[in-house]
Amino acid sequence: MISYLTAQAIDVTALAARITAPERGAVVTFSGLVRNHHAGREVVGLEYSAYDTMAEHVCAAIVGSAESRWKCRVAVQHRLGRLAVGDVAVAVAVGAGHRDAAFEAARWVIDEIKRHVPIWKREEYTDGTSGWVDPTAPQGMIAASS
Amino acid sequence: MISYLTAQAIDVTALAARITAPERGAVVTFSGLVRNHHAGREVVGLEYSAYDTMAEHVCAAIVGSAESRWKCRVAVQHRLGRLAVGDVAVAVAVGAGHRDAAFEAARWVIDEIKRHVPIWKREEYTDGTSGWVDPTAPQGMIAASS
Amino acid sequence: MTLHRVRLFARYAELFGAEQVEVTLPPGSRVGDLISALRVLPGGASLPGDPFVAVNMSQASAGTSLSPHDEIALLPPLAGG
Amino acid sequence: MTLHRVRLFARYAELFGAEQVEVTLPPGSRVGDLISALRVLPGGASLPGDPFVAVNMSQASAGTSLSPHDEIALLPPLAGG
């Protein structure tokens, strides 16, 4: 049973190794890193939390769909807990026979993860405040956190 | 002066590290590996050769175009010499502010490399024969090599 | 009447000051009824018009029926990736 | 007359049995003239109809003019990546 969520630093190389094989000549990886700015504010770090069981379930469904649609192998990891600027927050690796499939599947998987996996992010700013990120809000932000 | 051609094993992680920075939250890598089959034949290895000076020049132009078009950083390496099945033949790494740019630039760069960089590939098969690969030919093959 | 436990996450856990709240509803109630009941709890007035509810780890709509042992969760806007 | 050195790679180096050949052309000759001259060398008959010629590391067409010190190369179909 693979876990898609991890409290440890994500090793993109190890993730890619999982889906690499001699019959798959194209490997695409995507890594999402914690940026030092968001919505015009300077970010010092952030904290991810999740509805763990549902998040695992949704990740498994996304991976399964991509593997059957593009005849490829997919590996995914999403980090939880406190992260610093530059840390890998999420990584996707796809191995396929050809690059069309590898690029399309990787792009689709990260888009689906962002749309459907129940994970939340609280950003911490250089001024000492923090806020919950809401990608659906005009400024990408709901409200200051308690 | 960066060299885009290398006779050494390509380290995709090191390549990605070159283009990673706190303001670039999206990193996409593409690795092209030597597959164990091509055009219905079993491949045991291959040899890449290049018109070195022109290849370096064309790679630099592709990287420069992508960096300015997508406001990103791009790193590229292409292996030369003898390779075994599973070896990384070419790798592209793109770091950008967002994933749209990172995916598009990575895809464009590998397509341009395949179209314009003067590199040639002789495949060796399990039956002891070898042949020059011609992607423009119907079976992807010109003729047996001498 | 049926007691439903509702799991809360992230900003909603802060709004309600708890990781779980309990709501009692008549049998045959739907997700829309549950949301109405949540709105009158302390903190519930700040919920958006159409909050994301998951029932048994799948996205539900206002018309989704609730059964006594369903796993119900109220999810703030997702921000993974 | 001008002596032009033409670099050969991969399968073309095998065809001509050399990594470089020399061709003498009248001043003002173009890439098309060079290709015609290459076709009559030993091995040159197997060249495709419109081979890829690079002049000073840029793709040239049949009409590209040749100067005495140009770096000229005859390139088989590319197969990098």
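Order of writing sets the labels: A, B, C and D. Residues in every chain begin at 1.
By our rule, contacts are C-beta pairs under 8 Å (C-beta built on N, C-alpha and C of every residue); 3 or more make two chains touch, one makes a residue touch a chain.
Worth saying up front: this structure is predicted, and the values here are computed from it rather than measured.
Separation of subunit B from subunit C in touch steps, taking the shortest path, is 2.
Centre-to-centre spacing of subunit A and subunit D amounts to 50 Å, using the average Cα coordinate of each chain.
Subunit D has its Cα centroid 26 Å from the Cα centroid of subunit B. Look at where the CA atoms of subunit C average out and do the same for subunit D: the two points lie 74 Å apart.
For subunit D, the set of residues that touch two or more other chains is empty.
In subunit B, the residues that reach two or more other chains under the touch definition are 32, 110. Taken pair by pair, the chains that touch are A-B, A-C, B-D.
Subunit B contributes residues 32, 48-51, 53-55, 57-58, 78, 89-90, 110, 113-122, 132-137, 142-143, 145-146 to its touches with subunit D in the complex. Remark: subunit B residues 12-13, 16, 20, 22-37, 85-86, 97, 99, 102-103, 106-107, 110 touch subunit A in the complex. Listed in rising order, the residues of subunit D touching subunit B in the complex are 7, 9-11, 14, 54, 57, 73, 75-81.
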